[in-house]
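There are two complexes below, and they share chain A, which is joined by chain B in the first and by chain C in the second.
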Partner chain A sequence: MKLKRETLYGYFFILPWLVGFLGLVLYPMIQSFYYSLNSMRITPTGLRFIYVGFNNYLDVWLQDMFFITELGGFAVDTLIRIPVIVVFALVIAMLLNQDVKFKGLFRTIFFLPVIVASGPVINQLVDQGATAIPMLNLDVVMNILTMFLPNYLAEVVGGLFNQIITILWYSGVQILLFLAALQKIDPNLYEAAKIDGGSSWECFWKITLPTIKPIILINLVYTLISLANSGQNPIIDLIYANMFNATRGYGFASAMAWMYAILITFMLAVIVLVFRERKSKRFG
Partner chain B sequence: MNKKAWLMILSVVLAMVFVVTGCSSDDDASGANASNDTTGEETTDEGTEASLALPPMTDEEITLTYASWQNMDLQRALADAFMEKYPNVTVELYELEQEGWNDHLTNLASTGDLPDVFWYLGNVDVPIRNMWLGDFTEFFENDPESDNILDTLKEQGYFDGERKMAAPAGYLPYTIFLDENLFEAQNVEMPSPDWTWSEMLGLIETMTVPEEGIYGFNTFTKLLTMGPIVNGDAYGEFGWDGETYDLTGEWDDALSTHAELVRNGNHAPLFDTDEAEAAFGDRLLWAASTGRVAMQFDAWWSVDLFKTDEFVDKGIKWVPYVVPQGDDATTQNKPAFIDFGSLSAATEHPREAYELLKFFGWGRDGWEAKLDAFQTLTREDGELVFNHPDGLPIIKDQDIWDELRTLLPEEHYYDDFLARSKHPIPLGGASAPGFQTFLDEVYFGGEYGDIEAAAAAGDVNPYDISADLTEKINAYHQAALDELFY
Partner chain C sequence: MADKGATTVLRVIQNQDLDVKQKLRLIRLRAEHFFFGFNDRKGFLLKFVIYTLLLGIGFVYLYPMLYMFITSMKSLSDLLDMAINWIPSSVYLDNYNQAYQVMNIRPALIGSMQIALFPTVLQVIVASLVGYGFARFEFPLKKLWFALMIFSFIIPPQILMMPKYRLFSEIGLTGSLSAFTIPAALGQGINSTIFILIFYQFFKQTPTSLYEAAEVDGASQFTSFFKIAIPMAVPAFIVAFLFSFVWYWNETYLTSLFLTSSSTDITTILLQLQSFEQNYEALYPSTEAGPNRINEGIKMAGTMLSILPLLITYFFLQRYFVESVDNTGITGE
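Right after this comes the complex of A and B.
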């Protein structure tokens, strides 16, 4: 079979990514899966493996008392944070899409945290309390929340207030994606709607939102992945701690990482199912 | 001979070479065995001729790598002194962060770069499970200097009772600081340096004056660590007698006493709590710096801190006391922070690595170099690196102890302290296999939750669980020992 010149160009352009994916993603994934099936020893003369089958996976659920707790906490936390981040990103993107002065500067400001908030920097900021709202009395917020929410939910929502700045800092990329989508909407659509007597509110629900729906899905997926990989995520810390734990080690930690990855995949699947683009049957 | 015969001879010779090579490969299969075999050969040759004599060190130019979390200036000074003594040996120091120490070692081991000599931090299960520890029994037992190690430390590191796999390399004693000024203000006489356990508990109650907001004690180090060692003459935490643990009797007594003292308000409010804010007006203020705590259960490293203006200006005068002796104790055993070092099981120069470990740990030459460094090492601004010595000697030589004494404040408390500090008992994590894993999985993270917190809150009765815990910790110990034979 002879490949077309365009196809070859295509492969050529994705080659760097392909090499990176094979070497830095696929190979470590296979390696990590192999580790998860073994009990490992890191001896001065090399790695030693004892095959234990899926015992590490069982131990993750049966022996580690923190994993299930942290996993539950992460699931609830994420379900609350994702909508907050995506809605905030949409609001800011719409504001930045207006014809205002210093638009470029504002866009830079909102994207800046993505660059600044690398692991060590954000950890320092959190440690120094720079990510909480200074004038907010969390005790008062918690008192109000516990009046109408169960404790475990009140704690999550309270935590949201306490880390609101960090959370909003996760919005940089999402704002950019929304902005790109908003700029692609044909202004004629709005003009036609206005002629027909549509208000701005109606334009938002009937034109803006349906048009950018695919980007909402992308942003939801992106937000979930960035929260799941965040250095602020206690499950990542737990996996790291187990990696260097005397009796657990790399094998156990790899199994835990795989269980975590499966959960994230499940959450992604739910998001994609709910927000996927459905083909209109009207003209089918 | 014709061509066929030559071929036959060549085949036989080749077959013999393969057989010999194949058989010898077992010896090289693991670094641990390799180093052990070398050790055995060297000591057999020399040891039979002269008892208690180490085999000679190599004359070849070699390089040894070393990693510990001691002050880097001190390490450099000691490395220089060692290289001066052995000019053919080059010592390369690894500079690693103390935080995550064992993780750094794990990373080094994974790339085959585990240092020839290294300290491990806290949990001996990590080096045991990963087979890092070299066996230096033959060197240690044939070294006349081994007898110079403090009696309670000499036998440490024989995890299975037979092989010397690690050795104490640093010593910081548990220290109970008493605020002399507060005792004077309350008109309570300072205790004798030979005070007893019950005297200490009595003083905690006497010095608790709720109406003046004065607390009897504050803890960093714990009663339940001290109790079994000083009251039960144990050789380790949790009633360790050298072979098994026993938490019944002393541990449960000590935990119960601690919980009672906390509930009765003898203990200063815990850091960063509402109680601390109510008592001191600042929830983040360390109780030891309030001037309202009579005793601070701490460690030797705080001597330096307590001499700073922060405390002096507040009128606080912390003076050191050793952990009191048990009322019915027959030994002077006291708990201590003991750091352990070992040789890499894969080192190519076990004899020389042993000498390096000894020099930095218990060697007399090394201690002379250390004392010199304490007095002479200066920072760029001309200030001394050490205001007081970094740890106490782990050897018996009185002249070393005497010289170290001259580097401490002149008050008699320091004479009294040093005279009673020669029976240190290491904590469990670094010295007893299985101990730290038991703490992680059962003691602080098992069905009872954090046992100490639960006992202090009155949720758990220590006497109800001590037998069960004894059974569990001994099982963990045995499981860790099994790893030694992996």
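Right after this comes the complex of A and C.
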């Protein structure tokens, strides 16, 4: 059978990616799963594999004292941070989308973190306390919070206040995406709504939000992934540490990475299910 | 606008034909228009709120940078002096001097440049090719590959880290630049998927009739890629290049995995920053409470030095970053 020319060209153009995907994604994935079923020892003659079934997974849950606490902390932290980041990004994008003076200057400032926010830099800043709001007295906030909230929740929310700047610094790309989406909304829509007597508030809920809904989903997913893969994440450090640990090694670390991946996938699935496009029965 | 408002208010008051009630009503209307706006014009209150929010958030964004800058200029006595908060008593550049030496700036800068530049160039070229392939041609299994591409972005890299590390060390890539350039050339560099999607979106938007016309005139697929697609995608190239460069520059997880764990001469500025304290102590062994102890000023100077190259680039090129949203169609439809 003669291949169609278009097929040939198509595959020609995506060939580099295809090779990369098979060699650097699919193959390592299968291998990593195989590792996780084995106990791996580094011996002078090379790596030695001992098949242990799902014991590594059991060990991750039963033997590692840090994993469960870190995982729980990460889940709670992320669930709180994601909405904060996305809502904030939307607010800033809407402000920047207004007809304001010095728009360029403000945009420059708000995209600055995209450029400089890297792991070590943020770590240094957090160490120095440069990322806490200066005039805010945390004790007062905590006192008020504990009055209304149970203790563990108050601590989480208090922590949020404490690192508000780091959180905001993570929202650069999200602002960019929202801004692009907002600029694409047809201004005629707003005009028509105004003529029909719609207030700005109504316009926001009936026009802006439905139009940018797909971008909200993209932003939620992006935020989750960037938080999950960021260098500030203690679980990643844990995996990394186990990888070079003499008694545990690759097998154990692989199992841990898979458990972590399953958690992330689960969170992703929840987000997508909640925010996916539903086939609307009426025209909004 | 305020002047105009005042004159009309005056005129209303001076107007002899109106009685007091009418005058009050008119003035109230004026005031309402001024504060709350009418039709498309925004009221003073709304504007006030917008600018306050922008300024406030802007300050929050800039605060860490300011703090870093100020602290890096403080001498030890300034740091200890509680009265000195924002303005150091003198311009003190010794911190920078020390940080410069601790961080080994020259080789680190060269390393950073290499690790950011070469993979970026390869990545952008490959991403444009792949994006073009996906956008222009119909071929069997295209949907599957496309879905897998997005999937490869979502899957946590930790899963792939270990086998990749083993693979790379087996074929002798760890500790060399190839550990970064080869994945980039295969479309698996840092956030490659995003760049492929940007190009995909971009090439999708160019009208097919252009390519068809070229084909009728006898252009091959490659000619139309180089002569039509690439010139039209210049903004996408700029954006992809800038973001890719920044992401590679800021990468520490991969660089520490591939570079520090094996003996090599390549180092990057951010790796130096990561091990700043150890390096400092190795260079200036601390004596009991001696004057050589590391302090915040020196650390902040180090941080400042590590972001300075990017900051400078940003201030020259920020136009492209900021406008990137307007002309790439980054979000898709």
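The rule we apply is simple: the second predicted complex is superposed on the first by the 248 of 284 C-alpha atoms of A that agree within 3 Å, B and C clash if a C-alpha of one lies under 4 Å from a C-alpha of the other, contacts with A are read in each partner's own complex, and residues count from 1 in each chain.
Criterion: contacts are C-beta pairs under 8 Å (C-beta built on N, C-alpha and C of every residue); 3 or more make two chains touch, one makes a residue touch a chain.
Because the structure is predicted, anything quoted here is derived from the model rather than measured.
Within the superposed three-chain model, A:G72 lies out of touch with both chain B and chain C [touch as defined at top]. Once the two structures are overlaid, the count of chain A residues touched is higher for C than for its counterpart among chain B and chain C. Legend: residue contacts after superposition of the two complexes on their common chain; A:N245 is shown touching chain B, with no touch to chain C. In the superposition on chain A, no contact is made by A:P83 with either chain B or chain C. Under the contact criterion defined above, the residues of chain A that touch both chain B in one complex and chain C in the other are 244. For chain A in complex with chain C, the residues that touch the partner chain are 4, 6-7, 9-14, 16-21, 23-25, 27-29, 31-32, 35, 91-92, 95-96, 98, 100, 104, 106-121, 123-125, 127-128, 130-131, 133-134, 164-165, 168-169, 176-177, 179-181, 183-184, 194, 215, 218, 221, 225, 228-229, 231, 236, 239-240, 243-244, 250, 253-254, 257-258, 260-261, 264-265, 268. For chain C in complex with chain A, the touching residues are 40, 50-51, 53-54, 57-58, 60-65, 67-68, 71, 126, 129-130, 132-134, 136-140, 142, 145, 148-149, 152-167, 183, 185-188, 192, 196, 221, 246, 249-253, 257, 261, 270, 273-274, 276, 296, 299-300, 302-303, 306-307, 310-311, 314, 318, 321-322, 324-326, 328-331, 333. Of all the residues in chain B, the ones that touch chain A in their complex are 30-31, 100, 102-103, 106, 109-110, 112, 114, 123, 125-126, 128-132, 344-346, 436-437, 440-441, 445-446, 486. The residues of chain A lying in touch with chain B in their complex are 41-48, 63, 65-66, 244-247, 249.
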